[in-house]
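What follows is subunit A paired twice: with subunit B in the first complex and subunit C in the second.
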Partner chain A sequence: MTPSIALSGVAKRFGRRHVLDGVDLAVQPGTSLVIIGGSGTGKSVLLKSILGLIPIDAGSIRVDGQEVAGLRGAALAAHRTRIGMLFQGGALFDSLSVWRNISFALGGSAANRRAVAIDNLARVGLGAEVADLKPSELSGGMLKRVALARAIAARPPILFFDEPTTGLDPINAAKINNLIRTLVKDLKITALTITHDMTSVRVIADKVAMLHAGRIIWQGPLAALDGCDNAYVRQFVTGSAEGPISGLVAS
Partner chain B sequence: MIGVLAAIGAPVLAGLAAIGRLARFAAAAVAALLRPPWYPGQLAQQMLIIGWLSLPVVGLTAIFTGSALAQQIFIGGSRFNAAATVPAVTVIGVVRELGPVLGGLMVAGRVASAMAAELGTMRVTEQIDALVTLRTDPFRWLVAPRLLAAVLVMPALVLVSNALGVMGGWLLATQRLGFNSAQYLATTARYLQIDDVVSSLVKAAVFGFFIALMGCYHGYHSGGGAAGVGRATTNAVVSSFILILLSNLIITVIVFGS
Partner chain C sequence: MTAPHAHSAGAAELAALLARVADGDAQAFQQFYDRTNAKLFGITLRILIERQEAEDVLQEVYVSVWRKAATFDPARASPITWVATIARNRAIDRLRARPARAHVPVEAAHDLADTGPAPDAALVSSQDARRLHAALGLLEPRHAAAIRACYFEGVTYEELAVREAVPVGTLKSWVRRGLIRMRGQLEGSEA
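Coming up: the complex of A and B.
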């Protein structure tokens, strides 16, 4: 089966710092893969490279079999229609109401787009009364839900989640994790999530990969994570200060 | 010797690179203006923000400056029996220079900073990345409407500024300096030439272009969190001030130099 996302030897350098140094990874259709790794290890760069927001220096990125590296103009825009993205801070447009944010990329009349937006709000557990609010009037949890509604509004076959629970209290984080799991299952979406929240990993993931020093150093099914004998993975999963992962990395 | 050359060459090269980046940004923004999709709602909103909401500050600046100019011309002119030149010099000074330049500087202070802050915040909160992932070109959605709106509304703002500047001079001259109202207005009309008005409007459009360009450029390339947005805002205001004053000099020399 052709993987939804296939990365081979992906490299990206900022100045003298190799952020990605030969990343190989494959995500099968309908699978939820979570990439774990410390702050500043290039997880966000990896997502943005697949989206074509950051050009890579070397390697290959294939989405549904199509090479993404080097795409430009209309071809790149067409590639992006296959992917929805939940940004870390939500990235809702401050000047637009909730329903206009959700329906931003949709066509049709305003009434139709508003109806679709309200339908998607319901999917993420919010009522129609939220539709006319501005993002600044939402709480952190609501903001993440609205951003999630925007990400799924065009029903993309692939969804990216960038640190989906960052900044949320444990209850709202749990709700977002469950919501992501439900949406991925219900909409039969291929999901790629980056996080360092192990609670998220256990709820969202079918498979887990760990990014460290610019490479995928371990990958396997969620069930294999706790029994993994990789010292880096073990340290990360247990959150221990002692182990091979030492310093802080500049973002 | 090589050290000296490097010390001179490095900032020169950096300056040239910055000019190149700005030129590419400007070219991309103008190209975005020419190709669909266009966003008339965004354009109308920006025209309102740049034009309508700048009217009070531009108007007040014009009235106060026109009045002060009339007073100064009267005092200076009295030294060599030329106090009667107040209406003529005021209208020429206001329409050719003070109206467009002070109007441009006031709008730059208000609008370029706001644009840089807004786009800078959008950059650091990933809203610009979100636009791209939602298949919307940030140049068409954000930059082009601001650029076109500024170029369209600045001439209208400067027309109002000129009128209020002349009115400020007239008010002071008739209420304080003893000028006859009808004579003052007749002299003003006699000395105001079409070239003065045209050059004023051309300057306004050019200033509008630079104000929006600097606001968008610095905001779009903002980084480094809140401090980065702050730097972008400062740079947008300072660079638009410099470009307004420089382009004013160039246009003045071209139009009136001969």
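Coming up: the complex of A and C.
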């Protein structure tokens, strides 16, 4: 089966710093891969490269078999619409109502788009009464849900989650993790998540890959994570200050 | 009853019913339906949200059960897992076959004919993407750039203001004015 996302030898340098140094990775359709790694290990750069927001120096990125490097204009726009994105900050427009945010990229009449927005609100556990509110009137947990509703509204075959629980209290974080798992399963979406939150990993992941110093140093099914004997992975999973990763701050 | 083996006993009974269904036993099929329809309806409703559609799909699921009961293999899955998988797959097929628009009266949807699975959902969104990019292309470039950065890159207003070397308030007003203009274009042409 053609992987939804296939990276081979992906390299990216900023100045002298090799942020990505030969990344090989494949995500099969309908599966959820979580990439773990500390801050500054290139997780965000990796996501942005796959989205086509950052040009890579070397290697290949294929999404549903199509090479991303070199895409421009309409082809790049079409590529991006295949990937729904839940950003860390939510990235909602504060001057637009909730329903207009959710249906921002959709066509159709205002009445239809509003109905679609309400349908997607229901999917993330929010009622129609939220539709006409402004983002500033919502709590952090609700904002994440609205951003999630927007990410799935166009029914993209692939979803990216960038640190989905950042800024949430543990209860809301657990709700978002469960929601992501349910949506990915129900909508048969290929999901790629980057996080340093081990709770998210355990709920969201089918497979886990650890990025360190610009390379994937370990990958395997979620079940293999705890038995993994890679010292870097063990240190990350346990959040220990002691280990090969320097400067890792347990969060 | 909450006996420790209630689940497996239930599974064994359902498997026995399926075996009879495979032989064309309508009474066994009725019993199987009575014992599983609430759960399966829950699955299709959760995926499809709309009650009518969830009920339609539920009916298709039982048609499948009736036809395919002989293919059920108790060694591979429990009966409830087997039918739940059928229900989930059917509901997802239905979901994928409908355009990214909900609650639209059929008579209002001129281009609803395509009933293929996943690909046409992407087709709809790429049409929408073209429309969106066309609308952005008509804006003042820095307004469009701000909206793109926010929507496609998740850049915050604060980061964007620093990048553009303008006060946050200015940046917000670029975004707001750009969005108002887009709405005027997109909804003004609806008629």
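What we mean here is this: the second predicted complex is superposed on the first by the 247 of 251 C-alpha atoms of A that agree within 3 Å, B and C clash if a C-alpha of one lies under 4 Å from a C-alpha of the other, contacts with A are read in each partner's own complex, and residues count from 1 in each chain.
Criterion: a contact is a pair of C-beta atoms (placed from the backbone, for glycine too) under 8 Å apart; a residue touches a chain by one contact, two chains touch by 3 or more.
Since the model is a prediction, treat every value here as computed from it, not as a measurement.
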{"item": "Joint occupancy of subunit A by subunit B and subunit C, clash or fit", "value": "clash"}
{"item": "First (subunit B), second (subunit C), both or neither touched by A:A223", "value": "neither"}
{"item": "First, second, both or neither for A:G107, with subunit B first and subunit C second", "value": "second"}
{"item": "First (subunit B), second (subunit C), both or neither touched by A:V116", "value": "second"}
{"item": "First (subunit B), second (subunit C), both or neither touched by A:P157", "value": "second"}
{"item": "Subunit A residues touched - subunit C or subunit B, whichever exceeds", "value": "C"}
{"item": "Partner chain(s) touched by A:L96 [first = subunit B, second = subunit C, both, neither]", "value": "second"}
{"item": "Doubly contacted subunit A residues - partners subunit C and subunit B", "value": "48, 51, 53, 77, 80-81, 85, 87-89, 91, 93-94, 104-105"}
{"item": "Complex contacts: residues of subunit C adjacent to subunit A", "value": "46-47, 49-50, 88, 91-92, 95-96, 100-104, 108, 118, 121-122, 124-133, 147, 150-157, 172, 175-176, 179, 183, 187, 190"}
{"item": "Subunit A contact footprint on subunit B (complex, rising order)", "value": "121-122, 125-127, 129-136"}
{"item": "Complex contacts: residues of subunit A adjacent to subunit C", "value": "48, 51, 53, 74, 77-78, 80-82, 85, 87-89, 91, 93-96, 100, 104-110, 112-113, 115-116, 118-119, 122-123, 153-157, 162, 186-188"}
{"item": "Interfacial residue positions of subunit A with respect to subunit B in the complex", "value": "48, 51, 53, 77, 80-81, 83-85, 87-89, 91-94, 104-105, 150"}
